[in-house]
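The two complexes that follow have chain A in common; it is paired with chain B in the first and with chain C in the second.
Up next is the complex of A and B:
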C-alpha cells in the first residue's frame, strides 16, 4: 500500500471507488535500468518521456497538484523499494526539467519571482491538466450546474460536496487562483473578497 | 476395289477425317474447359462463401485463421499475394482479394499498421529491435477487451505484407527468439551473442559474458557498449557490477510493478 498517503486515502475514501485502488505503476517502473540515467541520448529521451507520463499519471491518480522534489525522492514515485532502485536527485530534476519543457511541470515561484529552492529540491507543479484546462473544467461545471451569476466561495468550489465528482475537487488553492485568473482575464469571472474569504462570480 | 481411294476423293476424305478429328478434339477441349470452368466457379463460390460466412472467424479466431492460411498454402494460394495491395481502390484488387472480400487482407494490413506504430513508438527505447512477442503484447494491451486475439504468426504475416513497400522491416532470429527489426542495421556475431545471453535473465554483465562465453574483458565490454550506443541495451548502475538490460524485458516483468 501507499504508506505516505494514508491520511490522504482516508480523506479520499468518500470519492469514487476508482481512487481507492492502488496506483498501477507501468512496467517500466519495475525495470531496474529505468532508475539509472541512460548514457545514450535517444534511450535517455525515451526514458524521460516514460518518467514524464509516469509522474503525470501518478499525480492524476492521487490528485496531487504540487510535488516537492525532496519528499518525492523518498516516496514510491521515485523509489521502487521492491527492486531497491531509486532515482537520484539530479536525474529527478532532469525529469522535472523535461516535463517543464513539455509544458507539463513548472517550478513553484514565490512572490518575488524566485524559484523556491529550485536548485536544491524545490516544489513543482505537475500539470496533468494545465491551468487553461483547469479553467475550462471549472467554467464547464458552472455552466452545467447553472450557477452563472451566482456567487460561490472559493472554498465551496473545491471542498463542497457539490464538486465531489469533479476533478478539481480538493484542488490546491494556489492553483485554483491561477485557474480563476485565467477566467477573469477572459471576462468570464470576477473574484472579490479578502484572503481566505474570497468569492467568485461567473458570467 | 481398293479401300484406299487413289482418286481425288481420297483427299477429300482425309480432309474430312482430320476435320472431324479436329472438331471432336475441339468439342472435347471445350467440354473439358467448361467442366473446369464449372469446377473453378464452384470452388470459387464455395471459397467465397466460406470466406464470407467465416470472415468473422477468420478475423477473430487465431487458430481458425492459422488453419485458413495453412489451407490456402496447401492449395497453392497466397491470401496475401502482394498484387492485392496495389489496386485496392479501382475495384480491382487481386483475384483473391475479391474472392475473400478483402477481409483477410484487411486484417493483415491493419495489423501491419499497428506493427509499424509499435516499432516507431518504441524505436528510441530499443534501437529498432523488438521481440515479436512484445509487439503482440503491446498491440493486445491497447485493444479493447474482447477484441480479436492475434498470434505471433499473425504478426509475422503482417510484417511480410510490408515487404512490397521496400521497407526496412524484417524478421530476425537471435537465440530462440524472433525479433522484428525496423532499422536497417546488422548485428555482428558478438552483439547477437550478448542479446541471446540477455534473453535468459533479462540482463547481462561484463563478467557474466567473460565467464560464460570465455571472452576477454575488452571484447565483452566492446560488445555491450556497442549495444548500449545502439539503444538496444539499458544500463543499470545501481548494483555492484553494472547490469545491461534488454528493453524487451520491460514488458515481461509487468504485473510485478504495482507497489502493493
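Up next is the complex of A and C:
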C-alpha cells in the first residue's frame, strides 16, 4: 500500500511536471540564430541534431507521442515568444525529416498507406522511445507486476491507475497497437477481440 | 663611383628623388662594364628618369639593383646591334675629380671614344678595389720560374692577410700560375723596399683619373698631349711633362707608356688587373663576364653598357638624349628663377613711406590686408604673365607655376584630398613610356602592377589602411584613376591583369576572390584566419559590454548578432567587403546566421559545438 502511494506520488509528480514545472528549454532555444536555417553544412547538421533532441525532450516531458506540424509550429516548441523567434514550416519539416532518418520520428501513415505527413499540417510520431523500446517497457511492467497469463484490455493498460507511474500511461492507442504487435511477433503476447474491446494476454 | 646603390620601393621599383620624372622603362636589359658582362646584372628592367638610369634586377632585385646618375655621364653612344649582338647604349662616366698624388692623372676628356672601343688585347679584366682597402698600393713583381718574366703582384694581394687560397693570376707571358709562396715573397720584398711616400704632390687642379680601359691600349700608342700627364708611377712624384723613370730599371720612359719599355715593369700603380677566372664563361648571350662586380664606392672609370635584348633601345636613346639636354638635375637646389623686382614703384604707398628694410610697409588694419592681397595678386600676375610669354620661360619657371596652380586649386575649394593624392602619385608608368616591341604590353602590365602596389602600400596615402586593410578592386580602380588626374586612365581590363600579377611579382599585396566572385585587394599577410580571429574577438567583446537596449536572450552567454553594417563600421571596411568577410567566416563555421526582421545578423557559432567559442570558459566565468 505504501509502495502504491509512493508510486502514485511519483506519477503525480511526473504528470504534474507538465503543469507545475514548465519544460526547461535548452540554452540554444534562446539563441536567435537557432531558428534560422544555417547555410553551412556542418553547422546545419549540428542545428538539426539540437532540434531533434529538443523535440524529443519536449515530447517526453509533456508525454506527447504524436505531433501535428501545423499545431506545433504555434506551440512554444517551435515558437520562442520571449525572443520573438519561430521556426519556419519548411525548416520544421526538415527537422522532422532529419529525425525520421535518425529513427526518432515517423510520419503518421493512414489506413490506405498514404503518408499524411507529406501534406500540409502533417502528423508525425515522435519516437522518444521507439516501438521496440515501448514493447520492452510493457513486457517489463507485466513481468514486474506478475500479470503474465492474465488478460488485460488495452484501455486498462494505458488508462488505468495501475499504470499511472509508467511512461506508457496515456499512450496513443495506435502506438500501443504497434508496440503490442512487436510483442506478438516475439511470441510474448496475444492480442484478441476487435475494435474497441481488444484485450491482450501476456505470456 | 659610377654605379650607385639604390633604394627600392615595396613594389621593387626604384624610389625616386624629389622632382624626378620617370621617362622610360624597358625590360630584358643586361649590364656590361667595358666589354664584359657584369654577373647577376644580366636580366632586369631599366628605368630612365630625368635624373638617373636605374637597373632593377629580375632575379634578386634587392641585391642586384643599381643606378647611374646622369650627371656623372660624360658621353653616351649608341650601337645598333649586329647579328646576334643586341643593341647597346654605352655610358661613359665623367672622369672623377679626385686629387691624389697616387692617381695617375690623365685626362680622358674630349678624347676619342677609347673606353667604348677598347682594344681587344685586354688580357685581364679590371679588378676593383673594395672600398675598405686603402687606395694607395705599390706593386711588387714576381719573376716567373718558368719563363722568368717579371709579373706584377696583384694589387689585392696583401702579404699580411692574403689567404693561401686566393686566386692568383697566371704569368702574363707563359700563362703558368705561380705558387702562392712566390708571390708572397715578392710582395714582402716589395713592402720592405718601398720608398717613403712623398706627400708633396704639387697638384694644382683636380686631376682626372686615367680611365681604366686605357691600360689596354697598345703600348706603342703615343699619348696625344703629354702636357696633360702629371704624376706617374706608383710612388713617384709628379714630373711635369718629363720622361718617366721606371721604378725597377730606372729607364726613362715616355710618360704615356703604361709599362717600362725596357723591363716591362708596370708603370701604373693602381687598378692592377687580376686574372680573369674563366674567360670562356658564357651565360645566355655570348660575351665574357666579369668575375666580380665593382663594389660601390670603388674607383672605377669603366664605361657601362646597357644591352637591350628585348628591344626598346631607340626610344631609350631618344629619351636619354632629351634628358641629357634638359639636365633637370641642375634644377634641383638651384635658386629659383629671379623674380620680377618687387621694389617700390613710384607712386605706390610703399615708396613714400621710408622703412628700414624698404621692402614691406607695415600697414595696420584692413587697409594693410588689402594691400598685401593686392601685392600678392600682382606678383602672381607677373609670374603667370612671364611664364606664358614664351615656351622657354615656361619651362624654366615650371616649378613655380605648378606651385601656383596648386595653391589656386587649394583655395578654390576643390576637393583637396584627391588632388593631394594625385600629387603624391607623381610617377606613373604610362603606355608611352614603353617602347614598341613584342612584350611591351606585358611590361606595361607589370609596371602598372608595381605602380599599384606602391599606391596601395604608400604609408603617406594609406589607401589600404583607410579602407581597413581591404578594398574592393572596383573601388581601387576608381581611386587610382582619380589619382591619375584624368589622364592616362587605366582600362579595367589592364587593371585586373595588373592586379593578378601581384602574386607572381611577389608584391606585398594580393588579389582575393570571394565566393561570390567579388575581387578585393588586401595586404598579402592578411589571411582568412586573421580576419576570423578579429571578428571573433570583437564578438566576444560583446559578451562583456552591456547592450544599449534590453535583449530577450542571455547576451552574456551568446553575445549579440552583428549586421554587415555594424561590421563595416567597426573595421572600416566597405559594406560589400564586410558582407563577404562575414559570409566567409560563416562558411568556415566560425559564425552562424540569424535571419530576422532586422535583417541578416551574424553570431558566434553556438550551434555547432566544434566552433562554440570556448563555451566552458564563458560558462565558468558566469
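Of note:
Here is the rule we go by: the second predicted complex is superposed on the first by the 181 of 203 C-alpha atoms of A that agree within 3 Å, B and C clash if a C-alpha of one lies under 4 Å from a C-alpha of the other, contacts with A are read in each partner's own complex, and residues count from 1 in each chain.
Definition applied: contacts are C-beta pairs under 8 Å (C-beta built on N, C-alpha and C of every residue); 3 or more make two chains touch, one makes a residue touch a chain.
Predicted model, so just to flag it, every value in this text is computed and none were measured.
Partners chain B and chain C clash in the overlay (superposition on chain A). When both complexes are overlaid on chain A, the residue A:26 reaches chain B alone and has no touch with chain C.
In the superposed model, A:85 makes contact with both chain B and chain C.
Contacts of A:35 after superposition on the shared chain: both chain B and chain C are touched. In the superposed model, A:151 makes contact with neither chain B nor chain C.
Contact with both chain B and chain C is seen for A:46 once the two complexes are overlaid on the shared chain. Of the two partner chains, neither chain B nor chain C is touched by A:164.
Between chain B and chain C, B contacts the larger number of chain A residues. Residues 27-28, 30-36, 38-40, 42-43, 45-47, 50, 82, 84-85 of chain A lie in contact with chain B in one complex and with chain C in the other.
Within the complex formed with chain A, the residues of chain C that make contact are 552-554, 557-558, 561, 586-587, 589, 592-596, 601, 603, 605-611. Within the complex formed with chain A, the chain B residues making contact are 122, 124-125, 127, 203, 228-231, 234-239, 243-245, 247, 249-251, 253-254, 256-260. Residues 27-28, 30-36, 38-40, 42-43, 45-47, 50, 82-85 of chain A are the ones that touch chain C when the two sit in their complex.
For chain A in complex with chain B, the touching residues are 1-2, 22-36, 38-40, 42-43, 45-47, 49-50, 76, 80-82, 84-86.
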